[in-house]
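In this document, chain identifiers A, B, C, D and E correspond to the written order of the chains, with residue numbering beginning at 1 in each.
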Amino acid sequence: MNRRKRPRETTFHRRTEPGAAPGTLVADPQAPKPSIHVMAYGPEGAEERVVIDPQELSQLLGKWPVVWVNVDGLGDAAIVAAIGEMFGLHKLALEDVLNTHQRAKVEQYPDHLYVVARMIEQLDHRLDTDQLSLFLGRNFVVTFQERAGDCFDGLRDHVRTGRGQVRSHGPDYLAYALLDAVIDNYFPVLEKYGETLETLEDAVVEKPERKLIVHIHDVKRDMLVLRRAIWPLREVVQALYRDPTVLVSDESRLHLRDCYDHTIQIVDLLETYREVASGLLDIYLSSLSNRMNEVMKVLTMMATVFMPLSFVAGVYGMNFNPDKPGNMPELNWPFGYAMALGFMALVAGVQLYFFARKGWIGSLTPKPEPTNNKP
Amino acid sequence: MNRRKRPRETTFHRRTEPGAAPGTLVADPQAPKPSIHVMAYGPEGAEERVVIDPQELSQLLGKWPVVWVNVDGLGDAAIVAAIGEMFGLHKLALEDVLNTHQRAKVEQYPDHLYVVARMIEQLDHRLDTDQLSLFLGRNFVVTFQERAGDCFDGLRDHVRTGRGQVRSHGPDYLAYALLDAVIDNYFPVLEKYGETLETLEDAVVEKPERKLIVHIHDVKRDMLVLRRAIWPLREVVQALYRDPTVLVSDESRLHLRDCYDHTIQIVDLLETYREVASGLLDIYLSSLSNRMNEVMKVLTMMATVFMPLSFVAGVYGMNFNPDKPGNMPELNWPFGYAMALGFMALVAGVQLYFFARKGWIGSLTPKPEPTNNKP
Amino acid sequence: MNRRKRPRETTFHRRTEPGAAPGTLVADPQAPKPSIHVMAYGPEGAEERVVIDPQELSQLLGKWPVVWVNVDGLGDAAIVAAIGEMFGLHKLALEDVLNTHQRAKVEQYPDHLYVVARMIEQLDHRLDTDQLSLFLGRNFVVTFQERAGDCFDGLRDHVRTGRGQVRSHGPDYLAYALLDAVIDNYFPVLEKYGETLETLEDAVVEKPERKLIVHIHDVKRDMLVLRRAIWPLREVVQALYRDPTVLVSDESRLHLRDCYDHTIQIVDLLETYREVASGLLDIYLSSLSNRMNEVMKVLTMMATVFMPLSFVAGVYGMNFNPDKPGNMPELNWPFGYAMALGFMALVAGVQLYFFARKGWIGSLTPKPEPTNNKP
Amino acid sequence: MNRRKRPRETTFHRRTEPGAAPGTLVADPQAPKPSIHVMAYGPEGAEERVVIDPQELSQLLGKWPVVWVNVDGLGDAAIVAAIGEMFGLHKLALEDVLNTHQRAKVEQYPDHLYVVARMIEQLDHRLDTDQLSLFLGRNFVVTFQERAGDCFDGLRDHVRTGRGQVRSHGPDYLAYALLDAVIDNYFPVLEKYGETLETLEDAVVEKPERKLIVHIHDVKRDMLVLRRAIWPLREVVQALYRDPTVLVSDESRLHLRDCYDHTIQIVDLLETYREVASGLLDIYLSSLSNRMNEVMKVLTMMATVFMPLSFVAGVYGMNFNPDKPGNMPELNWPFGYAMALGFMALVAGVQLYFFARKGWIGSLTPKPEPTNNKP
Amino acid sequence: MNRRKRPRETTFHRRTEPGAAPGTLVADPQAPKPSIHVMAYGPEGAEERVVIDPQELSQLLGKWPVVWVNVDGLGDAAIVAAIGEMFGLHKLALEDVLNTHQRAKVEQYPDHLYVVARMIEQLDHRLDTDQLSLFLGRNFVVTFQERAGDCFDGLRDHVRTGRGQVRSHGPDYLAYALLDAVIDNYFPVLEKYGETLETLEDAVVEKPERKLIVHIHDVKRDMLVLRRAIWPLREVVQALYRDPTVLVSDESRLHLRDCYDHTIQIVDLLETYREVASGLLDIYLSSLSNRMNEVMKVLTMMATVFMPLSFVAGVYGMNFNPDKPGNMPELNWPFGYAMALGFMALVAGVQLYFFARKGWIGSLTPKPEPTNNKP
């Protein structure tokens, strides 16, 4: 895959046209069509369905303590609107569901909470974030995702099998568990970047190549994307466990506080990685300077050694008439040639001696171990 | 258009003379003459007029639930004063209307709010911001713009046709809709900068030319202008939905909160773009160093190869008398010439071998793909 | 005027000696002698006097609603003390009046406010700030300035002629008007710096000369001085319109809020200028690197072209005996000379072709237009 | 030990798998097995035991005013769970005990406090931090450490011998004493870094070698690790002495405030060290530039001196026919050779004189003392 | 004095051993022995004594309204403990007295305040800060200093002679006066640094030498030391005049507010100096680049001028047989030599002309005035 083709998270693409009335639901025509999946459960059991017509949902509401409606794909505004009406979701929130460039946020409406989180996705060579829209009501959780495929399969298993605590709690616990899964999913991605930075660190010291700077820049850029995703998510989780609302129980708040710790850890790691990446840049630049220094030393030594030698050779190539008095008697000396060569060798030798003393020659030979340099 | 001629937003031009009494209304003589456009509406209908004499406005006030007076052009202080008197607007606010270098702000007066926002305008090669002054009263909205042409045409259509919610709400909703239009208009401009940065990023890696640094500097500078415009606007919107005032209804506050999210998104993007632009600078500088390294390697290799060769040639150009013993016997050897050339070829070959091993020669040939470098 | 002689605002010079008792009034012996100017006014009229003996002031106090005593020059501690006693000013405040390195601040005393502001003064090649000490009481304003010459002449005219609102308001309005004049006086200075930065920006791109870095540094330094003056001033104005005190009326608070906006604008501009100046530094450094690159390219091309040529010439200058077999037969070829020259021309031509393809030659010719580079 | 093998604190390794139910206790299979050590004491005496089965602890609880259970090694989730149950510790807290990448934090549970701190450990060439989990209840302190070996031996002696105040106070004092020991242990490590920085500072001025930049980078990186450990610890201590809880007595709060001062001192030192390390980088880079300058001066002087000389020699090596008029009469002058040599010496002498005046020659000789450069 | 020997404030040296019980008083064995000096006074008179045995102090307590005990030297823990017991000082505070690396702080104990300040001391080539520990009670002030010699002699004179206000006020005023003396003592030191920076600024522009970077680094480092001393001191003074305590009277609070202004001024200056020092670094680095550019220009011009000349000389030094047709007819032309020299002169002249037009030659001659560069 070509670098230039890579979609960049830092670029922003247009939401609803400026001038559209607020609250207008317009779906992106290129978005995948929605598929609706419902899990309804209580301490005693669970029911699972794939739903085509949103109207089917009404049969489940009230029958089970918790109904979780998950919609993958936002390509049909009518379906989103229908679900919104059934659960009494606010129009402004639904508009945000369809405009998938929201920052993470939490909004209180009279009888439900609207939470936006950004899920990290790392495909082959791309870092991407998808928007998760979550509505938490008294007896339901509705989630909208941009496309199929998420990190909630473990949670679905818990609901199906009754393992874990999810079945014995209300929808607030489900919302917490969803957010926790989203946040935990950041860690493996960060791990990868940690390893990338280690590789780059070794490379930058040993062989400062031009492509490394692009690598480092890419890592810094991805850190920016991650930071833009995680910072507001941190505030979302904090708001959920702090702000007063009857929709979140005290026990779920304890769990959310734990979840908050994880967001802080991620923020911490991100900042550390950013500083390490900046440090790599410094090393890279100084390595470039070092290389330049070495190239220049080679040049300078060559010039310093050979220029005087060539000059001496040039002198004895002059055509002064040796018959005139005082003109180049050396040319007629026996062994003058050998003496000239010897003089040249002497000059070169003295210079090399001084270069060696200055440490220039040694510094050009590669050092076997630049390592183990800890205080 | 010449770069030097470009008006720069970062430069400030003088407002009312120091020493003038506060509250004095002085129009910029070069500003366009005002043209007054009125829309009056209610749930049942709407009326639209172009007004010459501000006194005509009194007929509309009270007749319709909402009267929106829009003034394009601030070239006549008397008209501004007349409108101000009719709607009971505060003198200090009117003075700010005419001094079009205000930051975005909101000011509460006893019976109206005064809001300043900066509208972005991107003409051909210029980024500019115009001042929008908005007065919100119980049954009116008065807006002043520096010149004709704005982003409110969609909104005007809604008023005329009754589409959307604007006709069924009060002036506070109109004020919200105006601010929303102003803010939404930032997005396409930011998109453009996002694309510019991508182009620059590719260019800076592939061909670090001198003009790129000026491009990058210009982008950073425009980001500064945008930040100076959007930061206070963000606070304005926040103040409108948070601060207690009877002029803004609860429903409008919900909409304003949504609007606030958009300002945060813009701020977020701006910060990201600023950091990306700074990163480009680092790449640019390191690319320059890399180029220099390569130039120096060419020079060093040429010198290292040819200096010894020339020296050898110089030696055999010396005029030592070959008749004297020990003087340059090589010159008389058969095939001495071929041996000398062969020796030179050997020296050059050994050096090139070492340069190749050091990787100097390879690094000078352009690499076809420096890409696909993702962790 | 020589640069080294320029008094620098960033340098601090000693206030009252460490160890002096607090509240001791000691005048700087080099400060100009005080000259006292009084304006007393009310809605009906105004009276103006130059006063020698502070005792004369008692005749005016109580006779007019507002008495404004302005003292230019702080060279006589006794006079300052006498005025202080007459108006009941606090000793600590008077001490600060004489120590003219105070930051802007506002201090509440039981029956008067003490305000310090720094007035900007731009003489020929110097940026300087003077201390304005202002006492606001129920029926008086007392101001102390370091030297004669200020930006209050417009205001004095208003008092004399009754134009503007100053005569119909109390001393709080006068205090506001004085501060407003001080703050408005920053704008023309900032305008100048804006123009300086534009000039520098053009220069730094076109001709990165050594003295530019000193220019940029000086601008940054002056920005520091201005920031040190305006930041606390901003807080002073905010404190005046927010903090509860009977000395400031509600209407004056409205005016002060307006004044506060101006300080924010100044702070905004300063920050922008600082960032622009930093950006200039980056451009400057990269321009230097670019220059170096170009110098190196010239050198490398000269060496690369002429070293092989000289080598060939050197070879044919060798003195191998052409009578021995295999020794330099070319020397005896007809047109061997022309062939050698042709070979050299070929070598040079091929090299120049490659340099041209690499873009080295083009990059050395000055580009006519580095401009119009907007996204 | 090889640099590349060094475990890096900045890398994060995976905690419980994403998708696991919260509150699940899973031990790291590679962690050492737990060994339980108990100290129970009161003003009158103390008892000490190594415990195998957590059930044995119940005999001590209630018998002594304070029971301190210390667990080294977290390799067995069952034992952690058993201890947790015995003391009524919250499941979420126990999960954090086993996931040893927590930031320092304090969490209030209904009847105990959960405190996490990071203990610094500096093995040979590694900086590492271990997690200390501390539960403070009404009559117990439970601590979990990742491995055996800690900084609490002094404290244990105090408990055994009754020295100090620990025996006469409750478990809150013990918790304080533990945190104080953890924090005091940072100082010797910081001292070492202080010394390392001094060594680096001298080295970087005297001999800017390539490995120094890696050293500096390592120090900066370790500072990051330390900062990540100490910043939240600072907040923990502050929360302990500020937040209301019956578990911490007023006297212990006084001690904690003292402890808080120490964390601030550490933070202070860290920031200073970071700035010093950044300063070293600047010196290093400028030293590199200086070196380059010196290398270039050598080259330039050699070229400047010898190029004209070689040119002159080349001119007199030309083969113009001296029999034709005007062609190289010098060659036939008596002492022409000596005159040519003299002319060359003159040229070289003048050049060297100018170089000496420019200060180039002097700057190449090493200066004996670059020191004692204080203002 | 050698640079390496200079004690560095940024290095931290060990306090009481980790593991020592808190509240243990251990004196540094190398610290000077304490000498106790007492001044007791009231509005009517004053008494002054040098005390050997702390028990003597009890005679003065209660006899005079204010007793000021000053202890110079902390080499004897027993004496500190005895004084502490006599005045009822808290053990934790006394421990901090002996550990002289405390940050400035204020701590409230039930019936006394404990204040730590750092006194600046600038010996020959060293910047150092000493710890002043001050206890303020209802009728006493106890101060501990690390060694003899302080900035309180002026204050002592006031007590002795009754000048100033100190005798007519309580111990809170004395405490204020002591802090004021400590803070005022920062000013002359800052002045010196201001002058140093001016000197460096001139030097860095005119002659960028290697040792300057070390100077600048030292100044930045000292600024760090000062900032670490003054920032917390600022908070101390603020806490003293804001926090409610019966120990500080309203009038002393007014004085402390004045004192607070001074700390702000110092902080302000420090920040300015730090920014100026950073700017110097930029100038220094760019000056280095400029120098390099100039060196390279000399080299390039020499090579560009002489390489073609030498080449031409080399061509006419070739030994082609002039008897063969077409071979070097120039050698036999009359005045061929003169023509060759003329051709060389022409080549050199054209090149020099182009160099002059490019501005290379002019830029190498030193400019007489790089000054007077103000906007």
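The rule is short, and it goes like this: a residue touches a chain if its C-beta (ideal position, glycine included) is under 8 Å from a C-beta of that chain, and two chains touch if they have at least 3 such contacts.
Given the structure is predicted, the values throughout are model-derived calculations rather than measurements.
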Exercise for the section: Enumerate, in label order, the chains that touch chain D and chain E alike. Expected result: none
Fill in the blank from the handout: Cα centroid separation, chain B vs chain C, in Å, comes to 25
Handout entry: Whole-Å gap between the CA centroids of chain A and chain C
Key = 40
Fill in the blank from the handout: Contacts with two or more other chains occur in chain D at residues 195, 285, 289, 292, 296, 299, 303, 307, 310, 314, 317-319, 328
Exercise for the section: Counting only chain pairs that touch, give me the topology of the graph as line, ring, star, complete or other. Expected result: ring
Exercise for the section: Head round the ring from chain B, going the chain C way, and note every chain as it comes up. Expected result: B, C, E, D, A
Handout entry: For the chain C and chain E complex, residues of the former touching the latter
Key = 1-4, 6, 8, 10-15, 17-24, 90, 92, 95-96, 101-103, 105, 107, 124-126, 192-193, 195-196, 210-211, 213-215, 217-222, 224, 228, 281, 284-285, 288-289, 291-292, 295-296, 298-299, 302-303, 306-307, 309-310, 313-314, 316-319, 322, 328, 330-338, 340-341
Handout entry: Complex contacts: residues of chain E adjacent to chain C
Key = 151, 153-155, 158, 163-166, 177, 180-181, 184-185, 187-188, 190-191, 194-195, 197-198, 201-202, 205, 254-255, 257-258, 261, 264-265, 268-269, 272-273, 275-276, 279, 282-283, 285-287, 289-290, 292-293, 296-297, 299-300, 303-304, 307-308, 310-311, 314-315, 317-321, 324-328, 367, 370-375
